[in-house]
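Provided herewith is a single structure, encoded as structure tokens, for subsequent inquiry.
By letter and in written order, the chains are A, B, C and D; residue numbering begins at 1 in each of them.
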Amino acid sequence: MDKSGGSESVRRLQIAVIGAGNPTHQTAELAEEVGRLIAERDGIVVCGGMQGASEAVCRGAKSAGGLTVGLIPGNAHKQANAYVQVAIPTGFGEARNALVVRAGEVVIALPGQSGTLSEIAFALIAGKSVISLGAWKRDLPLEMSETIYEVDRAEEAVALAFRLGV
Amino acid sequence: MDKSGGSESVRRLQIAVIGAGNPTHQTAELAEEVGRLIAERDGIVVCGGMQGASEAVCRGAKSAGGLTVGLIPGNAHKQANAYVQVAIPTGFGEARNALVVRAGEVVIALPGQSGTLSEIAFALIAGKSVISLGAWKRDLPLEMSETIYEVDRAEEAVALAFRLGV
Amino acid sequence: MDKSGGSESVRRLQIAVIGAGNPTHQTAELAEEVGRLIAERDGIVVCGGMQGASEAVCRGAKSAGGLTVGLIPGNAHKQANAYVQVAIPTGFGEARNALVVRAGEVVIALPGQSGTLSEIAFALIAGKSVISLGAWKRDLPLEMSETIYEVDRAEEAVALAFRLGV
Amino acid sequence: MDKSGGSESVRRLQIAVIGAGNPTHQTAELAEEVGRLIAERDGIVVCGGMQGASEAVCRGAKSAGGLTVGLIPGNAHKQANAYVQVAIPTGFGEARNALVVRAGEVVIALPGQSGTLSEIAFALIAGKSVISLGAWKRDLPLEMSETIYEVDRAEEAVALAFRLGV
């Protein structure tokens, strides 16, 4: 099967995966597993394209023959991590976070810092489902956390993403 | 004194004021007071330019002869609220939140929702001081709240903004 | 008269002035005159905020007590030229050219290079009137130049801008 | 061979293809041929993702099993044409033209209107090579056209793109 093409009428689901640029070992492993699982279901990984969780999720997806897209802050394609297959240099700095979220049809959030928080906030503004895999929910101001789904394992996160993203 | 001009070498301090699009009566009053106080100190109010806290802060600033700038999500100048004197139509939708924060040299945050949260997150990413006047701090994940100053009154917020913004 | 405030219901006309970053002496003089004339009619100058034509038009506007807004490519307010009163750091690099055009209700184009060309193109896309004061018209592909007005003198350009911008 | 993956260290060349939204029959055929040729050489087509030349180039690329990326002006993935495999909804309106150009490592320009002109201008600003396949060169102001290569046939355009893009 040609995973890059798919049939003419059905686009593959694009899942934005967000998380720390300097993740813990555990978060990086989780990200890699999420990437692998998305690829196995023929989804497309969309991310910020740089180091940390983005690199791990792309590595996982690529190991399973998947497709990875990185929307990077700078202007040079080569700044993307080595597992990004489609690099989108935005030149917007961290404001590209809004574009990462817009590029996903659903969002999986791993633990992160203010960058991840900005992406969750943008997802909520855009009315996109956010699946929190160890990221905040309870810690966020209450009204905001209503469309955030909390799950504990990568399998659950990816399965839910495909269920919500149809 | 010509408030619009100032001396050739000194730009007036630009303070981004963020908060809910549908604020409580109390938040709207606080926003208006913040706007008035910024104007009295010859600062420039920068905001999202639409309704709610943005409109209130602009109304307050304008009542004191100040200058107000609104970076709005749409393309039409007339979408800005009536107290915006310089309308910057971005056409970027809610992604313009990143631009609102970039336009301020310091940020005053009133209570809000996910839009306000995205702006606080961008301010933290950009390393800008955030002065929380009733917005979150304790509720945010801990590491992020370190550069957020909490104050209780509009006077404190504006005085601190000028102190930090120099 | 308080030029910064104006009446509550009437915003001042915002005119985007575009042109070379390294203009000829003649173009710089023209830009300065355009800025002065806009300010005398109580318009607001919007520009790219950096050197060259942008600096000249801001200098002219400021000499007449006008208001100047610069949408700059970088993130730091201080990168704006010394005559910019409201600096809008976009952090978008040269992609901010689209924002410069969006910020104007009408566009005056002085001679320039590819940056100016991108701005004229964006103005045409957005359906905004472009007043060419020595910039291209005849040289552009024909269909595009139809909404470009050619004038010879700064007075004509500014008078036409106010006529078209109402 | 897995065209979606490639080897871990070598990204496939990304070529931005730009042109009219309402092309002539001849331009659409040319676009389709360009798309097919890019795919046959294992390049990735990047475009504006909507109708006209974008749709034709994606159709051509997809017919040859290639990968197509569309950076679209709106917020909804489904607005992309049916041959776009990776949809990047920017929400930026026509300002996304700057992003289309940034996403390409080299640019092939087919005949177009002001949108295409804005993209050529941005490519020149960014110092990217522009290969004009029936688009302007001679008609542009002279200094700008220096880094524009003129070719007559789709084969030449694509061959040159791969030569310049290395």
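By our rule, a residue touches a chain if its C-beta (ideal position, glycine included) is under 8 Å from a C-beta of that chain, and two chains touch if they have at least 3 such contacts.
Fair warning: this is a prediction, and the values are worked out from it, not measured in the lab.
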More contacts between chains, A-D or A-B: A-D
From the options B-C, C-D or B-D, the pair that copies A-C, where over half of the contact pairs coincide: B-D
Distance between chain centroids, defined by C-alpha means - chain B, chain D (Å): 40
Separation of mean Cα positions, chain D and chain A [Å, integer]: 26
Inter-centroid spacing, chain B versus chain A (mean Cα positions, whole Å): 31
Residues of chain D whose C-beta touches two or more other chains: 75, 91-92, 95, 98-99, 102, 126
Chain B-touching residues of chain A, taken from the complex the two chains share: 92, 94-95, 97-99, 102, 113-115, 117-118, 121-122, 124-126, 136, 139-141, 143-144
Chain B-touching residues of chain D, taken from the complex the two chains share: 75, 91-93, 95
Chain D residues within the chain A interface of the complex: 2-6, 8-9, 11-12, 14, 44, 62, 65-67, 69, 71, 75, 77, 80, 82-91, 98-99, 102-103, 105, 126
